[in-house]
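One structure, pasted below without further comment.
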Amino acid sequence: MKIGILKETQKGEKRIAISPNVAKLLISKGFELLIEEDAGKNSSYKNSDYCDIQVAVEKRGVVFKEADVLVKINPFDDEDLKMVHKGQVLVSQLYYKSSPELIEAIAAKGATAFSLDAIPRISRAQDMDVLSSQSNLAGYKAVILGANEMTKIFPLMMTAAGTITPSKVLIYGVGVAGLQAIATAKRLGAVVEATDIRTETKEQAESLGAKFISVENKGEESEGGYAKEASEDYAYRQKEAVNKSLFQADLVITTANIPGRKAPVLITEEQVSQMKNGAVIIDLAAAQGGNCEVSIMSKTIVKNGVKVIGTTIAPESVSTNASELFAKNIYNFLMHLTENNQFKWDLEEEITDETLIVKDGTIRKK
Amino acid sequence: MKIGILKETQKGEKRIAISPNVAKLLISKGFELLIEEDAGKNSSYKNSDYCDIQVAVEKRGVVFKEADVLVKINPFDDEDLKMVHKGQVLVSQLYYKSSPELIEAIAAKGATAFSLDAIPRISRAQDMDVLSSQSNLAGYKAVILGANEMTKIFPLMMTAAGTITPSKVLIYGVGVAGLQAIATAKRLGAVVEATDIRTETKEQAESLGAKFISVENKGEESEGGYAKEASEDYAYRQKEAVNKSLFQADLVITTANIPGRKAPVLITEEQVSQMKNGAVIIDLAAAQGGNCEVSIMSKTIVKNGVKVIGTTIAPESVSTNASELFAKNIYNFLMHLTENNQFKWDLEEEITDETLIVKDGTIRKK
Amino acid sequence: MNELIEFISSNLQITYIIILATFVGIEVIKSIPAVLHTPLMSGANALSGVVIVGAILVMLHSDPTDYVALALGFIAVVLGVLNVVGGFAVTDRMLEMFKKKK
Amino acid sequence: MNELIEFISSNLQITYIIILATFVGIEVIKSIPAVLHTPLMSGANALSGVVIVGAILVMLHSDPTDYVALALGFIAVVLGVLNVVGGFAVTDRMLEMFKKKK
Amino acid sequence: MNILLSIIYLISTITFIVGLKKLGHPETAKSGNLIASVGMGLAIVGTIFINDIEVPIIIYVLIGVAITIGSIMGWLIAMKVEMTKMPELVSLFNGFGGASAALIGVVEFIGNDNISGTKATMVATILSAVAIGSITFSGSLVAWGKLNGSLKSVIKIPQYNIINNLFVIAIISFSAYIVMSGSDSQLFLYGLLGLGIVYGVLFVLPIGGADMPVVISLLNSLTGIAAAITGVLYDNMVMLVGGILVGSAGIILTISMCKAMNRTLGSVIFGSFGATAVAEEGINKSLGTIKKTTSSDAAIMMNYATNVIIVPGYGLAVAQAQHVIHELEELLVSKGVNVKYAIHPVAGRMPGHMNVLLAESNVDYSILSEMDDINPQFANADVVLVVGANDVVNPAAHNDPASPIYGMPILDVEKAKHIVVNKRSMKAGYAGIENELFYNSKTSMLFGDAKEALTELVGELKGM
Amino acid sequence: MNILLSIIYLISTITFIVGLKKLGHPETAKSGNLIASVGMGLAIVGTIFINDIEVPIIIYVLIGVAITIGSIMGWLIAMKVEMTKMPELVSLFNGFGGASAALIGVVEFIGNDNISGTKATMVATILSAVAIGSITFSGSLVAWGKLNGSLKSVIKIPQYNIINNLFVIAIISFSAYIVMSGSDSQLFLYGLLGLGIVYGVLFVLPIGGADMPVVISLLNSLTGIAAAITGVLYDNMVMLVGGILVGSAGIILTISMCKAMNRTLGSVIFGSFGATAVAEEGINKSLGTIKKTTSSDAAIMMNYATNVIIVPGYGLAVAQAQHVIHELEELLVSKGVNVKYAIHPVAGRMPGHMNVLLAESNVDYSILSEMDDINPQFANADVVLVVGANDVVNPAAHNDPASPIYGMPILDVEKAKHIVVNKRSMKAGYAGIENELFYNSKTSMLFGDAKEALTELVGELKGM
């Protein structure tokens, strides 16, 4: 079975779906691999890195033509689909819930498609869980980015030239990204506060040294590790509880998501206007509409002295590690789906069932 | 006595010599202060912050005209000097050793000039030591910048999607900046190595958790806490000892300086070419010609996959803290020089003697 | 009570011995790690086998014709020795685990 | 040597008492914090004042005409009491510092 | 009395004291036991051969035979019993000791031609020897039966502790009567013997197996006292002192045993006993019962181990015990133990959670092992210390297809020789499922907050 | 002998044991002292009033007078001596005890009409009482003189320890001779007395003041033995047992004292003694001598303190002791002590060096105080613990215009009640200058690597 690795076309994207290390693994398992030329460049993988391990480096067209399975990180776009042909298996993050027309298009092509973002949050699936592996890095990078943008330093320092007070960092959403953000900020010596709609995250946040801001929660439970949409009322109570910290924060990182839905707005423009001069907001949910009203995806907006940076949990900037992990996830995923290099199509099995969105042109999930 | 605070004109500079807090202090001591408008903007100090505490916010010309003492971070340039008039006292970093013509010019004006960078490295002068206070922040920021530029993360992480090995960081020059860089990188979980010509720095580096690369040192001692220029031979031995680490490093930070001289070249272009693809070099000595052959001041050069960023120990980017500390240094300096708001001109006293470069038009130091 | 006083006055030194021995016993044992509880119990048990001395004395003093005494004494000795030998042996085995591996 | 054996055989129980008492003394003191060294020394010193008992006995038994004995006994008692009373008092003062401040 | 013998006795007495002393410390315990046994040997040999009376050969022969039989049997039994059965064996031996004491008493009583003539104290001594001896005898036998399972069910006698206390009173008053009356009726004697035996049974029978060790230790110190009494009988120093030593030491030991199981000796003596032993925490119908341990036991285990593997989990983070665990690790290393950390990829609540923690306390990266590298090594680990981890060491992931974590790779701690698990309770982890590892016979549970438990552990280890 | 008296003695003996026991723990020491003293009181009163012989009033009067005088004097002296002079006082008292014993011996000897008739052992006992008594007497007095300074210089007698040992032999053989000869010559007696006194002087004279406590403790245990011997003399139990207790306890105490000053008892008894005491480390001509301390002393100081301030310095970083210091801090807090860290702006080798370290071990930011905030607070700190800091607490910055650090602001630790300084040696810090703080009378030095020293400290504290 031939696996084709495509170069990411989405702007700003630096990652690649399969790293040389994992390519080697797959080949050792008997798969054939071909890769679009320069696909690894931005993750500092040279074409030679792939050649050296018998991955055929080809022009884009060739990859599309020859591969049985096409792997990619970001959703296949119309350009890609033009070249997809019947019977091909597409593996990538499709966000099928929020992009029905894409699914239609794929079906129309008579292709088969797995959506990596749909991997269920069950223990045995953790090693295929691209959301976890990527948001984890995103959490780290968000803090580094923030620290780089700020005009202050994180740690407390008592020096001959006076004392520098530690920066205050506020984290919305204590998921994978949120936790890693807490850990990183804490390491750098910041005073970290965090809040989340899921009460079970209090202990988790505290286990990493953050102060948790509890918002009394009337029945906003989570399902399968994910949060449900919050009520008007909750949103209000949340502001009540968090504002004091928000207005003193030097760095704010928002990671709140509700899968398949628009991200909840947690910081209104009005709130931003009351924040400290020189504060920075990193909105990791920008792609889903943003947790901050002001933020715009991959833009830096300055609202009276407050920098608002919109980005995603896709940690392009740490592409080397990100690609490595993503690749490992795909590897585990393929190992799970296949048996001596052939798909098992075991539709009873939970992971397959949840991720297989289109099968030979018929849509299984909406 | 009227102190005039000037806006920094040098490009990229975001700091300001006197912060509102310190301004308040000075006023409480009976000084009069005026400040050029928007001087604090880039350090996120509003004009209002100064107004509110009775600092007169004025046009540039006015400040030059009315002030008895003009304070500034970077050397006065020709533009400035045009407006300087006889008898005025200029306080800033003049680097007089390396810029004689500037000193001439000041003398020609019949002005008086103190050079902050000339403050002796004696214990009681530590609270005026701008080099320390600034390089300290620079060391921190260099790591943050590096982490932001790298395509890898610092810490070791054993995750479901595989293990991320910790980044290797190499620090040249274990001075104030170097030490803080070690501390920061270590905090973020990197594996840190460091080297310095002064053997006494071994213990210091280790006390912050770095592995010290000792280069056998035949008589390159330091004087007054500063390093002397290294011999050919030493430079060779250094490369021998460090190369292995250098070629595996993900981030390299160079802080090596010899005051008043061109910074020593520690990394040749040839060495860079052997470094890891994707590695990053931050050269804090770029302003003094750079420790890395490739680096160019405030530019990012990519040499076969290696990013070389030239910057200085002037931590503009963390301007808020930087300005605060710098201001505190100046405050302590002025407190030391003056008695009820008048200069003491005690030329016997070490600190005054070392820093007073030009007195009423006559040059005291070359 | 009077018995007690009487006893004390008649065996004053014995009384001191008893009291002192009690203190020694206490001081020697207090604050030992819990893992040693069983071995120590076993060891103490072996020690309590000193009754054997008594048993032997019984036999030594009983005249060869008094079969009852002899028989009982005999049993007493056997049991006593069992207690002593077995006790020490078991204790020793229990303590195997404390041999430093290195 | 023979003296020793003789002594033992003649005061067997005394011997036991001495030995046991020695053990008690050792067990009771070993492993105490260094700050307590001086107070403990002082306390022990006070205890060693029990010789006073002997001194008193001397006086009780000496006949009132034997002035030498009386005189010496008298001094002995004074010194002994000094040792006892002074000793305990000093020890007590030394131990002031161990009153919990809170 | 013969001077040589007295000196021999003196020496053996000293060996007893020294022996006991040394028995109290892991390093010296073995030698202590040896010393004491030597002393005992001396005493016995001395008693036999050094005496001023005329003893017919036949008696020597008999004694010789008796001793040989006893020694051989004792030795054999002791050697072939397996580790787990030792406590019950101790109990058995103890019973024999008691019997021996009782018999001596009997002989003295019946052997003595005019009991009525002898001093009251003497008679009292004899009788108490009989009574105590018989109690320890029967009591120990019952304990033994309970431990080796031949006496299963916890027999609950209504108001048994009232009955018991009545018995005590009966025994005392009865012997008192015998003394006063100065009667020499053997009937009475056997009556007393009987009472003792019955009481011993009643005393131990209602007690749950879990508490047996305490009982044995208590009975043991009784034997000691019996021995001492017989010592008085013959004013024989070694018996006297030896007996007292065992008596007092035994009591203290009993108390500390109770402490270790946090009970009071009171609750032990007056029946309330066993009560809790029935409603043991952590008994699970399907999985069986758990084994609790104390920090000092865990400490000793590790101290004498060659390889120790630490498995940190989310609990370590919750307790913020990263600094203590590092201290523990350093301490063990300084004692020549090889220590490694086994990091499960999803231990904690975020990827790399354990790495963040351990980096904070400067644990050397080189001793952190990934799951795949460490799993083969568990087999030759002497002790695995699981700290606040649960799901990541849950064998259900291998064995139980129904389990939500089935198919997740786990750390194979089961392969290790001993497993010590520290957590606060028997509560489940993230996945909310039972963990059969905790019920494994090789596993012992060290309950408590990780930080506190580990701090104690470190304390104990420093003491060694 | 009167039964009541025996029982009283029995009781006092027990109080002695219990008292000594309790004296061994800070919490119970006071009560222990009390108990023992009560027991002593009992014994004395008992001895006086309970006896079967006919005693003329006059004697009672005399005894009464003697006791009153002794008590009052003893009490007054004890109450008005200041803390620092106590050890020498103890020594003095101890001397009296010795004298008392010696006198008893003398009286017995001369009072005894036919010494030659009495059993050899008895005579031996008497004589040893005299000898030991006299030795302790003179020895203690010399020690006392040395401590209160009236006997300044360390008198060095050539080969004094050969001489000493000769003396010992002389004394023994001489008394042996007296016993054998069965002579009752008082001359001999006084000769022995003399020998004893001289030896006592010779024994103590050459010893350096620093080692006096050890000597006193040794002499003290001698007194104990003397008491015991007189006990044998009168076969008086309380004296016997009490004496032995003091004797053995005293020896152990002496040994542990030596340990604490890391010497061996051997080096104490055979003169090598004092040798080191002359070449004391850390004596500085201008600044005087330093005071060393042990971790347990430091621990107790802190345990009973209300406010403790920790001053970290570069040494903390070098030793990587940030985790231990945090543990120490938590421990103290848990014991109700208020703990703060005083952070000097230039402590360490880079700005914020201490902050990095302490942040790593999660020290709460709120207890880190800047110099200006903390300086006023030193005055009401009971203990300041300086860990690996030097220049930043060097008073020279205030006092000595010549000093390179003159004019640098420092932490005013001198204002605190006690100062404990931990560093490895007397070496200088960054500025390379002496620090008179270390020679301050309030300062005690806790030498050793910060990590090890603090770990010990924590251990000790946990034990309290």
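The chains carry the letters A, B, C, D, E and F, assigned in the order they are written, with residues numbered from 1 in each.
Here is the rule we use: a residue touches a chain if its C-beta (ideal position, glycine included) is under 8 Å from a C-beta of that chain, and two chains touch if they have at least 3 such contacts.
Quantities reported herein were computed from a predicted structural model and do not represent experimental measurements.
Common neighbours of chain C and chain E under the contact rule above are D, F.
Where chain C touches chain D, over half of the residue numbers in use are shared by the two copies, so each contributes mostly the same positions.
Between the Cα centres of chain A and chain D there is a gap of 81 Å.
If you average the CA atoms of chain A and of chain C, the two centres end up 74 Å from each other. Look at where the CA atoms of chain B average out and do the same for chain E: the two points lie 69 Å apart. Taking the mean of the C-alpha atoms as each chain's centre, chain B and chain F sit 57 Å apart. In chain F, the residues that touch at least two other chains are 17, 21, 237, 241, 320, 345-346, 351-352, 356, 360, 362.
Residue numbers of chain D whose C-beta contacts span two or more other chains: 13-14, 16-17, 20-21, 23-24, 27-28. Among the residues of chain B, those touching two or more other chains are numbered 126-127, 132-133, 136, 155, 157, 159-161, 164, 187, 189, 209.
Pairwise, the chains that touch each other are A-B, A-E, A-F, B-E, B-F, C-D, C-E, C-F, D-E, D-F, E-F. Residues 314, 317-318, 320, 345-346, 348-353, 356, 359-360, 391, 397, 404-408, 431 of chain E are the ones touching chain A in the complex. The touching residues of chain C, when paired with chain D in their complex, are 13-14, 16-17, 20-21, 23-24, 27-28. Interface of chain E with chain D (complex): residues 1, 3, 6-7, 10, 13-14, 17, 21, 237, 241.
Taken together, the chain B residues at the contact with chain A in this complex read 14, 42-44, 46, 126-127, 129, 132-133, 136-137, 140-141, 144-145, 147-148, 150-153, 155, 157, 159-162, 164, 184, 187-189, 277-278, 305, 317-321, 324-326, 328-329, 332. Contact residues on chain E toward chain F in their complex (touch as defined above): 320, 323-324, 326-327, 360-362, 459, 462.
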